[in-house]
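Look for subunit A in each of the two complexes below; its partner is subunit B in the first and subunit C in the second.
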Partner chain A sequence: MEARVVNKGQLPELLDKLAKDYDLIAPVQEETVVLFRKISGGKDAFLEYTNSDVSPKGCFLPQNEKTFNYTYTGDSIEINKPEGAQKAVLFGARPCDIKAITTLDPVFEGEKFGDEYYSSKRENTVIIGLSCSKVLSTCFCYAFEGGPCDGTGSDLLFTEIGDKYYVEVNTEKGKALADAYSQIFSSQGADQLAKDKEELAKKLAGEFVRKVDLTGVKELLDNNFELAFWSGDEQKKCIGCGTCTYVCPTCHCFDIFDYPTGDFDGARLRCWDSCMYPEYTLMAGGHNPRPSRKERVRNRFMHKLKYHLDRYNMVGCVGCGRCVRKCPVNIDITKIINDLKEVAQNA
Partner chain B sequence: MMDVIQQLREQAKKLLEEKKVDLVIGFGQGTELARTTPVFIDSPEGVSKLTWGPFCANNLAKYLTDYKNAPGNIAVVVKGCDSRSVIRLLDDNQISRDKVVVIGVPCPGQLEWQKVAAEVKPGAVLKETADNGESFSVKTDAGDYSFNKKDYMLHRCLVCENPNPVVADITIGKELPVKTYEERFAEVSELEQMNTEDKNAYWDKQFSRCLRCYACRNVCSVCTCQICVFDQMLPMWVSKRTNLSENTMFHITRAFHVAGRCVDCGECDRVCPMDIPLRKLNQKIHKDLGDLFDSPTPGSKPGIPSALGEFSPGDPEEFM
Partner chain C sequence: MPNPTALTPYPVTITKIVDETSDVKTFTVVFDDPDIMDNFGNLPGQVCMLSIFGEGESTISITSAPTRGKFLEFTVKRVGRLTNIMHQMEVGQKFGVRGPYGNWFPFDIMKGKDLFFVGGGFALAPIRSLIDYALSEQHRSEYGKVEILYGSRSYEDLCFKSDLFERWPSLSNTAIYTTVDRGGDNWQGRVGHVPGYVEEVAPSPENKFAIIAGPPIMIKFALPVMEKLGFKNEQIITTLEMRMKCCLGKCGRCNIGSKFVCVDGPVFSLAQLKGMPQEY
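After this line comes the complex of A and B, so read on.
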């Protein structure tokens, strides 16, 4: 695998150049929260963050997306689709969030149900990851074969080492970008930094405090749709908000509806939806397949720990810990995993 | 606070053993050192789950409406601010008084868990907490910490009006001195000083971040509509689309809908994943209700009807 070195002092210059040549999306700080936004240069980026408040999945699956405009012309309907995605760079995403994007890929890029809106953005975007420099008490990416310095899914992975970034070139797309800015991406000193990176990865791997063990959980869920566990405290305390699903980097449910702008025209939109909401998958006839919190809470965790595995052979959680931090009532997927494991052992 | 925890467990046990209640809703240790989580206890053996301390931010009165049609009575652990919710729910006929046993705990304030977590060694286990007046001491298996209230407490607690529960069938712990705060509406006053454009810009910036996860609405103890207008599909008053216009519509409508009923528990503000200072909206209404109608914070004084839910011939508004 190839590697490069970027001086930290040159990063603003690189981001300025990238913003000129691409739509550059990077972490920014708004008041107290960190989000991914399109930026105009290095001065806007905020890289001293541990984990953004909302994941960058919106780069590929925006919370609001116009799929087409429609106009009724009297005898027919004119449909205007938006143009394909612009060339973009997603800079500074953490390894867990990039891994999360790889779990969305089979959903939107499957042979059977390809999604042009997603694919267009995915194909035109170069993902530049940024290794973590700190592990939070809520982090557990290790449990899903991730890691604070894991490059899975990234085109380039930056790891901060002293006054330099060690840059791993993981794909041809990444290589092309590094080559295009060769005055900033140098090859000198990469060998030593590779060792330093390995050391850092080892050090951070020892800092996780959450013990998460998935042994037996999938098998338990495979054989038991109904478990007394789902009627317990977790669903009783759930207040039914959509926070966990909206901050989650792998949740990808959406709702499609028409948004009229006049009597004869409007747009068809697709917007994030949440399985925690009472109207989620509510049928026109009034039937609700998940009528109470019990079914909704079960659905979320079944999706993370079983359904995504069944469909794509990939876990539906990457251990970013956002839902753990943000849940108003401290519903914690790591506790649920461990509780389910206990249920499995006692069964 | 160990004695409070001990008494809480004893009282809960007694209530369950004597079958005075079928369920006790209280605080249990959460999955982070500085967090608690709601626990639902239906047997005397379960009471060891109950805890108390400076990490009990949630307003558990929220759950009472979930059980209003369930058989049996419910006991709920409340702080002073949460007890205002109980009063409101009773006044709104959402719950019946004889169904609820209120276990009140005088509260010296609640710490912001994220701020505490940033200081404490990750993975440390909580042993004990104590209130030392200006600060809380937090003992863990990885060392002892002290958190001064000024910097680490939830903002709402810094201007707490009711450290002691307004309504309680059982009170656990010593009554605390009640303070009055001249600067209670300091932040609102600051906003009021702004001109219209600046105020608009301020809220536009806040609302544009909103994800519309509805955590603020769902955590609200006085949001008791069975089907919320924002969940309605036909007619669709607001869509799932997030944009400044619909986000603003949501927040302003909600603030007005709870006007006169909002008990200022501050939960909406605490749970917002995007740190939108929602309490300021409600506080503006509280301030105006106080100035215009001499109305106390809803729920803070039992028996006083909601300023906007009562007709009075002496209303200062001329058109009345």
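After this line comes the complex of A and C, so read on.
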């Protein structure tokens, strides 16, 4: 694998250049919230974060997205679709969030149907990851084949080592970008930094405080849809606010609805939806296959721990810990996993 | 060719509207673009997303068989906002359609077999596509006897009356059994529920597929009857409904376990359903 080196001092210059040549999307701090949005240069980026409040999945599946404009009178229909995506760079995404994007790929690009809106953005975006330099108490990416310095899914992965970034070139797309800014991406000293990065990865791997053991959990869920566990106290706490699904980087559910702007004109939008809401599955005739929180909570965790694996052979959770941090009633997927492991052992 | 990956519907024009019951209408539509009509390629059992711009979309099964001609029929019950608008539409007006989506009835595997249809209320609509496919001139010789047992609350609630009382009985090797929950002055036929009538007619499971669609309560009581008659799970085929938004296996909500009804269904055998969570 090829590697490059970027001096930390040159990062603002690189981001300025990227913002000029691409739509540059990077982490920013707005009041107390860290999220990803388009920036105009290095001065806007906020890289002193470990895990953003909002994941960068919105780069590819925006929270609200127009699929087309319409004019409809009943006797005539006119539809105008937006243009495809601009060339973009997603800079500074953490390994868990990039891995999450790879779990969305088979949903939107695989199987029978593609998704032009997602694919257009995916194809036109270069993903530059940023290794974590510390581990939060809510982090557990290691449990889902991830790691704080894991480059899976990234085109380039930056790892901060002293006053330099060690840059792994993971794809042709990443190489093309590094080559285009060769005055900033040098090859000098990459070998030593590679060793330093390995040391860092090893050090961080030992810093996880949350112990998560998936042993037997998938097999338990494979064979048991009805478990008394799902009626337990932990699950009863859920107030159905949907926060876990909005902050989750692997949740991909969406709603489609029309937003009229006049008597005959409007836009069809899709926006994030949540399986934690009763309306999500409520049919026009009044029947609801998941009528209570028990079924909805079960569905969410089954999706993360079983359904996504069954369907795409990919984990449905990347261990970013956002749902653990943000849940207002402290429902904790790591506790759920460990409890399910107990159930499996005692079965 | 229609691009089924797109979320963009294609304009259709309504060419005919039939009032089936007080709250059910059948809309016949053709695509404005003849190429899309010619290449739509819908198979019996598949569904479409219908667009009323300004209101949204709704998943509706294609009631017509592709063998009947270059048009689509949708039988729509007035239950919500979108269907309420549809019920006010007139011949000549337009709405949007995208599809076709989902799997189809296993008409290849059914070749050489007798078909016994059991329908309740408005749910005759999705299986009517297979009835007409099997009864079409092109395919009639591929199937044995076609029997249709259908019931609804009252005579007024029976859908497809001209099919039931005129068209289907006039075709060779068919049998139509009709029942209503409540009789009345305009009904001289049988009065009673569908499951009891199935038990009375007692179809032999030999060399036969049973295709069942109806409200959950009818299915619940009809299945034990079928089992008692000796039908195996593989011989019983049904079609499911779920709330859907994309119909492309992405928006998430129509899952039953790891399956999405929009792409893996809506048609399932009872054998398949028994291997899935009971969450539908």
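Simple rule for what comes next: the second predicted complex is superposed on the first by the 343 of 347 C-alpha atoms of A that agree within 3 Å, B and C clash if a C-alpha of one lies under 4 Å from a C-alpha of the other, contacts with A are read in each partner's own complex, and residues count from 1 in each chain.
The rule we apply is simple: contacts are C-beta pairs under 8 Å (C-beta built on N, C-alpha and C of every residue); 3 or more make two chains touch, one makes a residue touch a chain.
The structure displayed is predicted, hence computed values, not measured ones.
Superposition of the two structures on subunit A shows subunit C fitting alongside subunit B with no clash.
In the overlay built on the shared chain, the residue A:K236 is in contact with subunit B alone; subunit C does not reach it.
In the superposition on chain A, contact of A:D163 is made with neither subunit B nor subunit C. Looking at the shared chain after the overlay, A:E83 reaches neither subunit B nor subunit C.
By the touch criterion stated above, A:E172 is placed in contact with neither subunit B nor subunit C.
Look at A:Q63: by the touch rule set out above, it reaches subunit B but stays clear of subunit C. When both complexes are overlaid on chain A, the residue A:P278 reaches subunit B alone and has no touch with subunit C.
In the superposed model, A:F257 makes contact with both subunit B and subunit C. Seen from the CA centre of subunit A, subunit B and subunit C lie at an angle of 90° in the overlaid model, rounded to the nearest 10. By the touch criterion defined above, A:D53 reaches subunit B but does not reach subunit C. With chain A used as the common frame, subunit B approaches subunit C to a shortest CA-CA distance of 7 Å. On subunit A, the patch touched by subunit B and the patch touched by subunit C overlap at residues 255, 257, 273, 282. Per the touch definition, subunit C reaches subunit A in the complex via residues 4-9, 11, 53-58, 77, 79-80, 83, 89, 92-96, 216, 241-243, 245-246, 248-253, 255-258, 263, 277-280.
Contacts from subunit A toward subunit C in the complex involve residues 67-68, 70, 72, 74-77, 79, 81, 107-108, 111-117, 225, 252-258, 260, 264, 266, 268, 270, 273, 275, 280-285, 287, 289-290, 295, 299, 302-303, 306-307, 310-311. If you check the complex, the residues on subunit B that touch subunit A are 30-32, 35-40, 58, 62-63, 66, 114, 117, 122-123, 205, 209, 211-215, 217-219, 227, 231, 233, 236, 239-243, 267, 270-271, 273-275.
Per the touch definition, subunit A reaches subunit B in the complex via residues 30-33, 35, 53-54, 63-64, 135-138, 207, 209-210, 233, 236-237, 239-243, 245-247, 255, 257, 259, 269, 271-274, 277-279, 282, 324-326, 328-332, 334-335.
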